[in-house]
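Which chain is which? They are A, B, C and D, in the order written, and residues in each are numbered from 1.
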Amino acid sequence: MVRKGNTLKASRRLRMGMVGGGPGAFIGPVHRMAAELDGGIELVAGAFSSTLERSQEAGRLYGLADDRVYASCEAMILAEKSRPDPIDFVSIVTPNHLHLPGARAALQHGFPVISDKPATASLQEALELESVVQSTGLPYALTYTYTGYPMVRQARALCREGALGSIRKVLVEYLQGWLSEPVELSGHKQAGWRLDPARAGIGGAIGDIGVHAFQIVEFVTGMQTTQLCASLNSVIPHRQLDDDCSILLTLDGAVPGVLLASQIATGEGNGLRLRVYGEKGALDWQHELPNQLIVRHTGQPAQVYSAGTDYLTVDAQKVTRLPVGHPEGLIEAFANIYREFGDVVKSGGALPDSLPGIRDGVRGMRFVQRSIESSRTRQWLAF
Amino acid sequence: MVRKGNTLKASRRLRMGMVGGGPGAFIGPVHRMAAELDGGIELVAGAFSSTLERSQEAGRLYGLADDRVYASCEAMILAEKSRPDPIDFVSIVTPNHLHLPGARAALQHGFPVISDKPATASLQEALELESVVQSTGLPYALTYTYTGYPMVRQARALCREGALGSIRKVLVEYLQGWLSEPVELSGHKQAGWRLDPARAGIGGAIGDIGVHAFQIVEFVTGMQTTQLCASLNSVIPHRQLDDDCSILLTLDGAVPGVLLASQIATGEGNGLRLRVYGEKGALDWQHELPNQLIVRHTGQPAQVYSAGTDYLTVDAQKVTRLPVGHPEGLIEAFANIYREFGDVVKSGGALPDSLPGIRDGVRGMRFVQRSIESSRTRQWLAF
Amino acid sequence: MVRKGNTLKASRRLRMGMVGGGPGAFIGPVHRMAAELDGGIELVAGAFSSTLERSQEAGRLYGLADDRVYASCEAMILAEKSRPDPIDFVSIVTPNHLHLPGARAALQHGFPVISDKPATASLQEALELESVVQSTGLPYALTYTYTGYPMVRQARALCREGALGSIRKVLVEYLQGWLSEPVELSGHKQAGWRLDPARAGIGGAIGDIGVHAFQIVEFVTGMQTTQLCASLNSVIPHRQLDDDCSILLTLDGAVPGVLLASQIATGEGNGLRLRVYGEKGALDWQHELPNQLIVRHTGQPAQVYSAGTDYLTVDAQKVTRLPVGHPEGLIEAFANIYREFGDVVKSGGALPDSLPGIRDGVRGMRFVQRSIESSRTRQWLAF
Amino acid sequence: MVRKGNTLKASRRLRMGMVGGGPGAFIGPVHRMAAELDGGIELVAGAFSSTLERSQEAGRLYGLADDRVYASCEAMILAEKSRPDPIDFVSIVTPNHLHLPGARAALQHGFPVISDKPATASLQEALELESVVQSTGLPYALTYTYTGYPMVRQARALCREGALGSIRKVLVEYLQGWLSEPVELSGHKQAGWRLDPARAGIGGAIGDIGVHAFQIVEFVTGMQTTQLCASLNSVIPHRQLDDDCSILLTLDGAVPGVLLASQIATGEGNGLRLRVYGEKGALDWQHELPNQLIVRHTGQPAQVYSAGTDYLTVDAQKVTRLPVGHPEGLIEAFANIYREFGDVVKSGGALPDSLPGIRDGVRGMRFVQRSIESSRTRQWLAF
């Protein structure tokens, strides 16, 4: 069992300030665990909730001193700026409508930003954020979680190296069942904001999980969506936002693709799956079996690649901590994104090709916007 | 281990005459094995190929006497009619363009017909055949193979009994890889006719496997396609017919569905999969694991139903020959269709609900026709 | 989709007489379907039960004329001998205690025999049968079902060709759950005789399924068991025969193996699995997923071989009827054994290496005998 | 998606000192990540290697100040004792021969200990350590990793609640392939010490992974091994310690079990699997698919329990951080053990039932010792 990766950093830990992630949040603690996993980052400050009291309540659970816990993102930014040991960057884990204000404020005050997806609540906001990122020149990254998995990196390397030949068909699906009942009506906090246009933005399932499916297609294949024809539905009738999406795609002007995203797929957990078919071979990755990648070549037995092995590409090996057969999961994938972001913050350079940034953010929101338009008009649209 | 089903018949064997299935055919021998498996049917005559010589060559391999082997379907029908021991029905296993002439001739001379799918080479032909079937009042069945699997019967029973609640989303995919290379250019007989409009008819992959996917959706759910928006492609450029299809469906006017059928899905075998999501539960059946059916209900562990068990519905049990853990496969599924058809021939009654007939045939060809139109116009169409 | 194998025979069908397989039998109908599947054999006579009346009742279900149905194996043999169209061979599908008398009588009157396993009810009987087989020189085969699967043939070829290097460890398990409740007390016919020493012989689970596991190890690896240390249990206390077995093996004097066979493994179906680990590679076959074989080589992705593909060895391809992705099951595997046996009967030659015969029969009963002795004395024993 | 567990602690972080885990170690970084994952523990000191220089080199990678890094466990203990902010406990992650000296020294100086398994290098040492633990009354825990998985906790709860009825058969296997080649001869550090009796102790595979398999059986079922009959082998001949083990067990004086542990199972990763068969039901857990547990009951479809769901027992839910479908892996399982240990250190109470301690340590070493004796004498032995 060879030790994988170098998970330790000789230099001082980066200091992170978090926005969002207060009581009832699901993703805040995941960001904290992921950021700190490899020992290179430490959560030291936060504006976890919309009142100081609740923010401090959360801060104590995170083990923070009260004087590093704030009532708002703006308050945190201003206070931290004047400290001798300020935060090095801001992590934004709020509902979508607060992504732009938080990121904009942080960037404009000189703090790099790492944000949960989608980038913003609308395409217009994403374009505004793009301007801010470009004008400040500061690092801005998006935690498209699934890009952090070793086997997704392997899949990407295979596509880029031409191991599949020219790509001919792409299938991506992201199926969840947790909204198959109207849980938002009975106080389910996560469901509450995700189905509320005022907080989620223009997209329901399309914005919450559709963007993941969209992004992983482009991330892995290197192709770009050029046309789409979408069918978005609110299967549970009262809902203001979609909870189910089926979308025909055209990639790079010619290659057919299909994207499915649904949160009413009763009984499903978190079923993201990507299948790419090329002239010479194909690949198949399923999130719920994240440490394997199936690769098929015409006329040969199917191959099952396993994480933690020596035959993987360097791209995959360097985001692996454990030897073969020792499962890594979502927190580790998330941590890989934080590690790469931390490296950028330290080095001050550009985002590596493997780290999603504002370009992915804008494309994702354009995808949401175009899908909604296509579904409304029941037409194919240019991307 | 309880003995499953009653695979034996006390009465005389029905005599079958086959059209098609000569040298190089794949499906002819499957029909023969399936028809004879349970001992109720015997292949006694055939017009296996387009010349008498090749037909007799095949006939000898099937173990038939030369005087029961013919040069054409018509010759067989006329000769058999005047025998004291004539065939009881005709099985049609030719390329698609010969389905209508064979079936029409047989029916018009008083012979029941069982035919491989699709019903015909075009919608117009299917409507003509429908008239013939209706006017003769004779049994006509289509070997939609997958309807013969016990776990598909189980799936159907679950849907019909309301075990899933109202159905909200249907996903069906049928992925093959055998046409990912242009094998039709190097003498591959199966590929040759299936990609030739003169023999396959108007549909390529859509007619060859798309109709299976379409039919199983309606068979299992009891719902009907009412609108569709299709993207049909000839991924290998020279091809005159489609080899890849992605189709958005609307079922019963409201329920979203997605149908994928591709023969350029490199490395796939014969990957038919049906997923149905309802208000209360969901089911998932994959052809390559045919003896299990996954059923999920909200808030409960997933259930894996196994063929050959006592907890299955009678519909499933009566088409099972072996106890749990003893795999049955495609030949047995096929045999179930023949068994049910044989019962109809003997009893002279109507087709049972479980046996696809001309209605499925016409709907299948309408599906092919509408999909082609939708893809050409890039529009949603009413079914 | 390439047509696999040549499932048709130009010559006349062989005539089969069956012993056993009457009302309530599970395996009789399987033998009939398997024998007839490829069109080379026809069931024409039988002594299905111990009274003429019940035998004829079964005969009618099998579609036989009353004058070819007999009250005993001996009656059948004598009557058929004097017919102009006598049976070509005898198939024995009775409970174990009737295997020797039936096979001996048939062979001594000049009829080749194919018998269900185990060969006999005791080692002594097996040795006696071996003498008869040797003295008559007639074909005698055992339906060790699992040897008929294409992927078992593939596994065997890989071992024999040295693809795994020298073999270092063998694991075989055969787990069923159908005797986890005392069903024999409530009239379960199959359970009744299999747990009755007067009919099953000396072995319970060890004789019923343990011999399958034992035989497949030697069949695939080409190695021989040389020592064993067994723990046989009657987990349900009143039982006179074992229902659960765990056995340490030594193969070829040095290689460790483990054999598990249990019929009280609650919830299991028919879980035969063979794993072979060699110096260079390993293989893993599971009966409930019979059309795939997993092969692993050090430092490479695991490979999943699929039945019906062109990359398989000739040994596997010639026992395959359908293209990749079209499942074949137990009846087809069984049919492969009958087809090979039929070829021997026609040609009159020796059994091919792939067809289990009396040698496997004797070794199987020696395995049962030694396991019982080892378990009683709680000691390692030479085989 | 409901937020699972409370991964945050309001009180100050516990301070951990680590022994071992220096350059080339695999498990040291895992302990660090696991200990710190939930924010309740911080690595602040260490004696990572046998020279100060190499220890400090490692310490810098762990982000520690040089003055908290020591040349030996004893040096760390003495220095930390006199600090105002001393470590709260010692984590021992060295090769086996240093487990006893490290644990003994720490305990005798008043520091609780958490140690990697096996407890010691021999049974005699384990008994000595047991005395020390008992006389000091301090917390001592063993990181039997797999006990930390939610689905193992679920399995345990099902057994304890009687959901399976009385247990009748237990199968455990732990198959790895990484020692199928003599990598210890070419400088593989992990292989080097694990196959060296001076550092690994009396057991090879039996001590490295066999003890995991042994412990999980008793942990989940609540039964105790009472007899065993072992076959231990050094499949690669020059090796001084076993690399392959097959062991028949008797549990609670009557129940048959089988334990397999091998490190020469070519191509296997880290294949721990536990199957428990009871009168009413059975369970099946596989480490490489850690977030599911298969449960079977007679006469019902198999059930697949998923981690992160609400239908799990509290025992499972409280060690889960993520909602269903979001994989957790080995680091999270490990972290659950550290979290429970941290709670004990803080509370000063006894180990909870779910946390393996010295009793498991002694039983594990007795298992190693008895297995070696049994294999040498080729006899069944009382435990």
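One rule holds in what follows: a residue touches a chain if its C-beta (ideal position, glycine included) is under 8 Å from a C-beta of that chain, and two chains touch if they have at least 3 such contacts.
Predicted model only: the values in this text are computed from it and were never measured.
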**Q.** Pair joined by more contacting C-beta pairs (A-C or A-D)
**A.** A-D
Q: Compute the centre of every chain as the mean of its C-alpha atoms, then state which one is farthest from the centre of subunit B.
A: D
Q.
Distance between subunit A and subunit D based on Cα centroids, please, to the nearest Å.
A. 34
**Q.** Inter-centroid spacing, subunit C versus subunit A (mean Cα positions, whole Å)
**A.** 54
Q: Enumerate the residues of subunit C that touch no fewer than two other chains.
A: 268, 302, 306
Q | For the subunit C and subunit B complex, residues of the former touching the latter | A | 1-3, 6-10, 12-13, 24-26, 29-30, 32-33, 36-39, 60-63, 176, 178, 188, 190, 268-271, 287-291, 306, 308, 321-332
Q: Give every residue of subunit B touching subunit D within the complex, in rising order.
A: 295, 299-306, 309-311
Q: Please name which positions on subunit A make contact with subunit B in the complex.
A: 164, 168-169, 171, 173, 177, 180-181, 229, 231, 233, 235, 244, 246, 248, 256-258, 260, 262, 264-268, 275, 277-282, 296-298, 302, 378-380
